[in-house]
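Lettered A, B, C and D in written order, each chain numbered from 1.
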Amino acid sequence: MEQFFATLGIWLGALFTFAIFSFLYKDNPFYKTAEQIFVGLSAGYWFVYTVFSILIPNLYDPLTQDFSANWIKIIPAILGIMMLMRLIPKTEWVSRFPISVVIGTTSGVFFLRYLKSDVLNQLTATMINPFIGENWVVIVGQILLIVGTITGVIYFYFSKKHTGALGVSAKIGIYFLMVSFGAAFGYTAMARISLLIGRLQFLLGDWLGIIQP
Amino acid sequence: MRKTKQIDRRWLFLLIFFGVALPLIFTIGLPLETTKNVHMVYDLIDGMPKGSRALLSFDYDPASMPELHPMAKAVVKHCFDKEINIIFTAMWPMGVQMADDIIEQLKDDYPDLKYGEDYVNLGFKAGGMITIQSMGKNFREVFPKDMNGSSIDELPIMEGINNFSNIGFVFSLSAGAPGIKEWVQIAHDAYGRPTSGGCTGVSAPAMLPYINEQKQLTGLLAGLKAAAEYETLIKTPGSATKGMDAQSIAHLIIIIFIAIGNINYWRDRKALKKGGK
Amino acid sequence: MKKTLIFLFIFISCFLFSQEISFNIKDKPNDDGAALILSWDTSQIEASKIIIERKAPDSDLIIITSSQEVVGTFEDGTDIDPGIEYNYRLSALDENGKVLHIVRTTASSSSQWFNKKKISLLILALLISVSIVYYIFSAKSGKDLYIRKIGGLESMDESVGRATEMGRPILFIPGTLDLDDMQTIAGLTLLRRLAQKAAEYDAKLIVPVCRSMVLSTAKEVVKEAYMKAGRPDAFDPDSVFYLTDDQFGYVAGVDGIIVREKPAANFFLGAFYAESLILAETGFSSGAIQTAGTAMPSQLPFFVVACDYTLIGEELFAASAYLSKDPHQLGSLKGQDFGKAIFIVVLTIGIILEISGVHFLKDFLALH
Amino acid sequence: MKRKIPLLITFTVGIILIISEFIPHKPFGQLSGELEIWFLIISGFAILLGQLSLFKVNILKIQYKQRDWQFYVITLISFVVMVTLGFLWGTGKSAGMLGHGEIITSTLGHKPFDYLFHNVYQHLQATMFSLLAFFIASAAYRAFIGRTVESNLLLTSAVLVMLGNTTFGSLLTGWLPESLNFLHLPKVSEFIMTFPTTAGQRAIMIGAGLGIIGSSLRIILGIERSYLGGE
């Protein structure tokens, strides 16, 4: 019996794979069905996941197992319930309290996290002696790195008109951005094709058995 | 913007489909050369003394399996070959199964390896960055038990691991956040452990700035190509090597189409200049 | 009697050999007092393994760690409370597991009120905050502030106009992350502007979201915009709806909406992952004008390639200032620009110092 | 009251979190971690709002017999099936209301919830993701046309990196002598990725970082308050 369901599983997988692929040709009932199953199934999945993997271990377990050490968790529970008061139009405004806690946390955490990782760390990472390198290619590269970073930052300068020296720098900056976009795009092509390879390995291997999985 | 007449993109879709499928069935075996970032990872693991402990975090789910699974397999295999003990963790819920799957695949090649001594799977912990931070302060509090529910005090591999200090290196296989970035920020930046990782091709450009003088990241395996290179380095060609043939063909198709697009554009422009007057 | 003798033996041997083994314990600096740093040096004797044990008042001796390193350090961060005196015992063993020497020492940890390592971070945080606040206030007091053109935003009027003309809806996606990401909030700020325009022109707006909290907030935002435009009756609460939390499930749903509703304009403003290109390509094939904006460096290339207009990185955050010309927001933007100026100046000084072999600035900034 | 107090909360929470970064002393050091768990819990409750919205929107579509209304019945059924199976027998190691359902698990090979997850959901997810392989090709074909300096740069770096990433790249320039090794395509691709690309990414990161810092500060100070909605 288990074998039957395992085979059925593979056939289901193949069926839905083709249903999604059919969208590439045009919108059709197969895709529509797969799409709606996907939306419904995944919404259900995340609902169950949230209960089992977030609410139970982070709220229910700590509160029931050791209340005195975890009583503070009652606060987010109350905030969560306040969030649900949106459902009644009269008490809708109550949900602003939990939202303001969330947004306050986000702002506080993001303020420092980005100051550290995106500003300070990138600052020190660019602070190099460009003339030290194993060969001239690296030295040229390091000079490009510094020039590109500085001009790129200048491109994001908003409060001055981009004319004169600033305009030229900003223009060079946008060139660097374009090179980086192109490269990232080209680089990613590989990653995306890998995904298709993964799918075809499933179809050709697990389903049809033409290739070794 | 004047639009040049283009070929219906569905022809391109069809070509890509067969361009990938056929090389998977009929292997070509195009040659491959290794790059610096992959070598750095290889050297890191290769230079680890026998018996040292590595923390491998599986921070991806089945969606990124095609890219990350082959490199995970290659790296784990390399560690086992070098007799490095592995502590498997996961910052993504599905990562646990991913790690399990790799262990399952390699089990037969290494019959002598013992669970709890040579490797252990500690399972998933939610919380990302915060969890990693707590691991640095008190590892045992974050992971009091392994995946099967046995206390880590009973596992010889976990002896003396109270934070990151007895861990040789950290390696994150990451498909997004939490992933390499978080590990770098905590395990390397805060606790100074060598940190390396493998990521999907798309997140690679954002990770590259971390490979710098401070060695925030020690090398990086990016995408299937890196996995294929790693397979070459450890001399065990696997599914990544095969996939690279398909990659090369598909890339070629894209490049040819870019060329066609440009030729069409220039021809149209010329015609326009001539006829427009 | 026997016990006393053994104790005496250990005591004497400790006394005799304690000079040969060094075992020091320090409080870990800049923390909350939850860790001690242990260091040992047993290079004088031929120990093959050391074991360190700890005893807290009113509890038993427990093994903290063991090591084969001759000289080593260990951070003890398990169940340490500040202000309590702990007794530590280091035993050096030979290869047969016989105890060679034992050293004892006591230590207590303390917690600090300021993390000195983070001083460079603090300085930078203060500098940027003060400049932003300063410019906000100077803008408020009537100082005229300039803002350069942001290309992607010209499309907003054009899109709404087109949608009205064609009688097709406008699609807005506030990214696929939750409210705990700033990009989502920036996207919602722009949604307010767009909704107001849509209300004025009587264009239909569709906002599918993939997070419940974003759903609540987006609904509020759209509702308020319709009220502000003087058309509260035109607000359809079901135009903002939830699909699923799943990244690709959401994309499948949105793709369906794009091919069936054929929106005249698509806006993708917020945090995106791999779904960016699926959305943008499907949107292109349905013939919509597309405007995207994100600060995700990995997804920008796809939006730049596949969309008509793209807000790159910071432009997403600057967009609401540009559209509203609100002095507060313009002031804040000016403050951020000041941050960039500081960045370039410090970077230049740092590079010059590095070239001349002085590393102090880099070391200072890297410490945090 | 309905607006002032939330603004005050945002301000207090934000400021305390920023200050706590610099104070290792208890309880400040642990605050951000605790608050992030709070976020998870609050969003855990909030997910119910989403589910109800999904239900409502779909039921309305079915009720008014909108075009393709039959498909929305499928949405609701798959949602209900998934949730019911999840709560009845649980998932993975967590038990549901009826325990682990050993009999049904041994028949299917998985718990019913996990069976659907592995055999339907995961395949849908992976296939949707793999559509990118096609779209990246079509986007490249359509957009990589050298109209301006910018688009030429975009196009050139993309093509060079793509070539360098494949075996053809190494075959194409493999014959170059040692002295011209830097023109070898994989090397060129690596060079572009390591230097100009890093520079571009860094500039974006710094700009976006400052943008986020500015927005955070505006929110904490109560200047940016659109997230609160109605006046």
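General observations
In the analysis below, a contact is a pair of C-beta atoms (placed from the backbone, for glycine too) under 8 Å apart; a residue touches a chain by one contact, two chains touch by 3 or more.
Quantities reported herein were computed from a predicted structural model and do not represent experimental measurements.
Set against the Cα centre of chain B, the chain with the most distant centre is C.
When the C-beta pairs in contact are tallied for A-D and for A-B, the bigger tally goes to A-D.
Centres computed as Cα averages put chain A at a distance of 3 Å from chain D. Chain B and chain D have Cα centroids lying 18 Å from one another.
Our note on geometry: chain B versus chain C, Cα centroid distance of 22 Å, whole angstroms. Annotation for chain C: residues touching 2 or more other chains are 121, 125, 128, 179-180, 182, 185, 213, 216-217, 242-246, 248-249, 252, 260, 274, 297-298, 300, 302, 304-305, 312-314, 318, 333, 336, 339-340, 343, 366. Counting only residues that touch two or more partner chains, chain D has 18, 21, 32, 36-37, 39-40, 42-43, 46-51, 54, 68, 122, 124-126, 128-129, 131-138, 140, 142, 144, 154-155, 158-159, 162, 165, 193-194, 197-198, 201-202, 204-208, 210, 212-213, 215-217, 219, 227-230. Across the assembly, chain B contributes 9, 13, 16-17, 20, 63, 65-66, 126, 202, 204-206, 209, 214, 225, 247, 250-251, 254 as residues in contact with two or more other chains.
Under the stated contact rule, the graph of chain-to-chain touches is complete, every pair of chains being in contact. Contacts from chain C toward chain B in the complex involve residues 34-35, 64-67, 73-78, 248, 273-274, 285, 297-298, 366.
Here chain B touches chain A in the complex through residues 10, 13, 16-17, 20-21, 24-25, 65-67, 93, 126, 181, 185, 189, 200-202, 204-205, 209, 212-214, 216, 222-225, 239, 243, 246-247, 250-251, 254, going by the rule given at the top.
Residue ranges on chain B touching chain C, taken from their complex, read 9, 63, 137-138, 140-141, 159-160, 162-163, 165-166, 176, 202-203, 205-206, 214.
Within the complex formed with chain A, the residues of chain C that make contact are 120-121, 124-125, 128, 145-148, 150, 179-182, 185, 213, 216-217, 242-246, 248-250, 252-253, 255-256, 259-260, 297-298, 300-302, 304-305, 312-315, 318, 321, 330, 333-334, 336-337, 339-340, 343-344, 346-348, 350-351, 354-355, 361-362, 365-366, 368. Residues 4, 6-7, 9, 12-13, 16-17, 20, 30-33, 35-36, 62-63, 65-66, 126-127, 130, 133-134, 204-206, 208-209, 225, 244-245, 247-248, 250-255, 257-258, 260-262, 265 of chain B touch chain D in their complex.
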